[in-house]
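Quick one: the structure is below, and I'll ask about it shortly.
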Amino acid sequence: MSRPKPIEYADAAPQVRVVFDDIKRSRRVDDVNNFWKYLANDPALLKRTWASVKDVMADGALSPLVKELLYVAVSVTNGCEYCIASHTASARKAGMTDAMFGELLAVVGMANETNRLANGYRVPVDQAFG
Amino acid sequence: MSRPKPIEYADAAPQVRVVFDDIKRSRRVDDVNNFWKYLANDPALLKRTWASVKDVMADGALSPLVKELLYVAVSVTNGCEYCIASHTASARKAGMTDAMFGELLAVVGMANETNRLANGYRVPVDQAFG
Amino acid sequence: MSRPKPIEYADAAPQVRVVFDDIKRSRRVDDVNNFWKYLANDPALLKRTWASVKDVMADGALSPLVKELLYVAVSVTNGCEYCIASHTASARKAGMTDAMFGELLAVVGMANETNRLANGYRVPVDQAFG
Amino acid sequence: MSRPKPIEYADAAPQVRVVFDDIKRSRRVDDVNNFWKYLANDPALLKRTWASVKDVMADGALSPLVKELLYVAVSVTNGCEYCIASHTASARKAGMTDAMFGELLAVVGMANETNRLANGYRVPVDQAFG
Amino acid sequence: MSRPKPIEYADAAPQVRVVFDDIKRSRRVDDVNNFWKYLANDPALLKRTWASVKDVMADGALSPLVKELLYVAVSVTNGCEYCIASHTASARKAGMTDAMFGELLAVVGMANETNRLANGYRVPVDQAFG
Amino acid sequence: MSRPKPIEYADAAPQVRVVFDDIKRSRRVDDVNNFWKYLANDPALLKRTWASVKDVMADGALSPLVKELLYVAVSVTNGCEYCIASHTASARKAGMTDAMFGELLAVVGMANETNRLANGYRVPVDQAFG
C-alpha cells in the first residue's frame, strides 16, 4: 500500500546496474538521479526509457542545449516539478544562462496564453498553413 | 449566440488598423493571420497581445528560431491545432528544417512521457537540484 | 469499430426519453444538444450527468451567468471545442456580452500564462496563504 | 483568507456524518480519507461526489481493479499528487501488483508521448475509424 | 545549477523597485508576494507581467471578484498550487464567500468531467452553435 | 511552409518499409494507419516509436484489452482526437464492449472531476498513503 521506493545501486539487480553504470559513464556522474532509482522498480521500463533518452537528447540537427530548453518548456507547461528541477539543472550544465532562462519562461508563458486565445475564439487554421 | 467572426481590415476600427498595420510592417506580409482578425473583436486584447508577442519573440539571449521551436513545443503539448499550424510555419520561416522538426517532436514526446513517469512514481526532487 | 452515434428521441429507450424530456422542459428547447444524444449511449451516465449539471449550474451563491463563464474558462483551458462552443452559447443566453467574453478570454489567457511562470520559477507558497 | 480546513467527524454536521458513515461502512475503514474531510466544507458537493464515486467505481462491465487503474492513469496524466497517492493505494487494495503498476505507467507514458506525436504531425483521422 | 532565488526589495535594481512600489501602492500591501520576487530575476518579464495583470484584472465588464473566480478556475484546472493559493486569497479579499468557493469548485469539477465526456464520444458541434 | 505529408509505402525508403512491414505482419493489416505514415517523415522516430509501442502494449501483467483502455483514458484526458479514434478502434478489436466503453468514460470523467476537487481544496496526502 506504501509509496514506491528508490532502488539504490547496492540493492539493484544486475540488469539495473548495467543501466545505472551506463548513465554514470555517459553523464560523468557518481550516482544517478532519483528518477532512475524509481524507474528501477521496473527494469524493462528503466532500460527502454534510458535508451530513448540517450538517443533523443543526443546532439543532432538540434543541439543538446536547445533540446534541454524544449524539455523544460514541456515540463513547465505540464507543471511537473521534478522534471522542471532536473531539466533546468541539465539545461544549465548545457550552457543555459539566466537571461536564456528568463526568455524561455516568457515564451512558454506567452504560448500558453495565446493557445487559449486561439481556443476561445475558435480561430480556423489559415489556408496558407495547409 | 453565433460563433465569433474575424474582423477584416476594411471593416476594422482605427485602433485595430494601427495594430494590423504594425503586424504587416514588422512581418512583411500583405495580410494578418486569422488569429489577429479574431482578437480584433477586443481591440484592447489585440493591442496588448501583439505588443507582448513582438517583445517576447524578438531576438535576444535566445534566437527567433529557438523561440519558435519553444512555441511549437508548448502548442503540441497543449494540443492547440491553430497554434501548431501557425508556429510550425513561423519556425520554418525562421530556419527550421525537416530534421529539426522531427527532433523537436521526439523531445516533446519524450518529455511528455517522462513527466508522467516522474508523476506516477512520485519521485522526490534530488537535493542537488535545490 | 465505428464511431459512436447519437441517439435521437424517436429511437430512444424509455429511461433516455425521461431525461430528454426533462432537459427540454428545463431549458425550454425543442430538442436536446448533441452532447446528450451521445451520452444516451449509456443511459446511467446520461441520467447521472444531467442530474449533476442541473444541480451544479442552478442559481445559488453564484449566478447562472458566472457559472457559465467559469465553464467556458475551464473548457478553453482544456481546449475542448465542443464545450467551448456549447457553453459560449449558454453564457450568451445567460447574459454574456461581447465585452464580457473578451475580458473572460483575457483573464483565462493571463492565468494560463502566470500559472507557467509560477511553475517555471518554482515559486513557494507565501506563508500568508497558509 | 486562510487555507481550507478538513472537517473531522466530531465537528461535522448531521448531513456530513451521514455521508462519512456510509463511506466507512462501504469501505470498511475506521475513518474517511482527507479528500472527504475537505469536501465536507460543502455538504452538497460531498454528498453528490460520494454518490457518483460509489456508483461509477462499482463492479460492472469493468472490474473495480480495472477502474482503479484507469483512475490512476488519469491522475498521473493530470499530475494530481493527492489522487495518484490515494488511487494507487486503492488499486493495490483491489489487487494491483508491482508488475501491473509498472506496465500501467509504461502505457500512460507511451500514450502521453504518442498523443503529442499525433498532435505535432497533425495526423488526420483514418477513414476506417469513422 | 541551483534553484531560482527571490529578489528582496533591499537587493533589487531600480527598475525592479519601481514595479514593486507600484504593486504595493495599487494593492495597499507592505510587501509583494513571492511570485513577483521571483519574476524580478527577469526585470523585463516582471514589468510586462505586472502591467498586463493590472490591466486585465481591473474592474470592467466583469467585476474584480468574477475575474478572480475565473483565475482560480483556470489554476485549479491546471493544478498550479501556487496560483490556487494566491488567487483563492485574492478572491476572498474581493468578496468570495465559502459558499461561492464550494460552487466554484463544483462547476470546475463538472466542466472538467464533461469536457472529457465530449472528447470521449467525439461529439460534433451542433449546427446551432455555428 | 506546408503541412507535413504522409509517406506511402510505394514512396518509402527501405528503413521505413522494414517498419511498415513489421506493423502489417504484427497487426495482420494490409496497410498501416495514418499515424505511422506521418512518423515516417523521421525514420528514426518511426522505428523507435514502433519498437516501444510493440513492447509496451504486448500481453503481460496487464492484458492487451486493459492496456488499450488505459490508452483511451489518457487520450480522452488530453483531448487527442486522433488517438481517441484510433485506440477506441483498437480497444474494440481487443474486446471492448459498448458497456465497457460507457464505464470507461464514466471513470475518466469522474477522475478528471475529483482531480480538480483535490487541487482546489489543496488536500494534503494522508499519512497512510506514504
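Read from first to last, the chains carry the letters A, B, C, D, E and F; within each, the first residue is number 1.
The rule is short, and it goes like this: a contact is a pair of C-beta atoms (placed from the backbone, for glycine too) under 8 Å apart; a residue touches a chain by one contact, two chains touch by 3 or more.
Keep in mind that this is a model prediction, so the values were computed, not measured.
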Please identify which chain has its centre, taken as the mean of its CA atoms, farthest from the centre of chain A. C
Of the chain pairs D-F and A-E, which one is connected by the greater count of C-beta contacts? D-F
By Cα centroid distance, the chain farthest from chain F is E
Averaging over Cα atoms per chain, report the distance between chain A and chain F in Å. 21
Based only on mean CA positions, could you tell me how far chain B sits from chain D in angstrom? 34
Residues within chain F bordering two or more other chains: 1, 3-4, 41, 44-45, 48-49, 52, 77-81, 85, 89, 99, 102-106, 108-110, 112-115, 117, 119, 121-122, 128-130
Which word fits the touch map of the chains here: line, ring, star, complete or other? complete
In the complex, the residues of chain E that touch chain C are 3-4, 33-35, 38-39, 41, 45, 49, 52-53, 56-57, 60-62, 66-67, 69-71, 73-75, 77-78, 80-83, 85-89, 97, 99-100, 102-104, 106-108, 110-115, 117-119, 121-126, 128-130
Which stretch or stretches of chain B touch chain E in the complex? 1-3, 44, 48, 52, 55, 128-130
Interfacial residue positions of chain E with respect to chain D in the complex: 79, 85, 89, 92-93, 98-99, 101-103, 105-106, 109
Quick check on the complex: what are the chain F residues that touch chain E? 72, 76-77, 79, 81, 84-85, 104-105, 108-110, 112-117, 119-122
List the residues on chain E that touch chain A in their complex, please. 1, 3-4, 41-42, 44-45, 48-49, 78-80
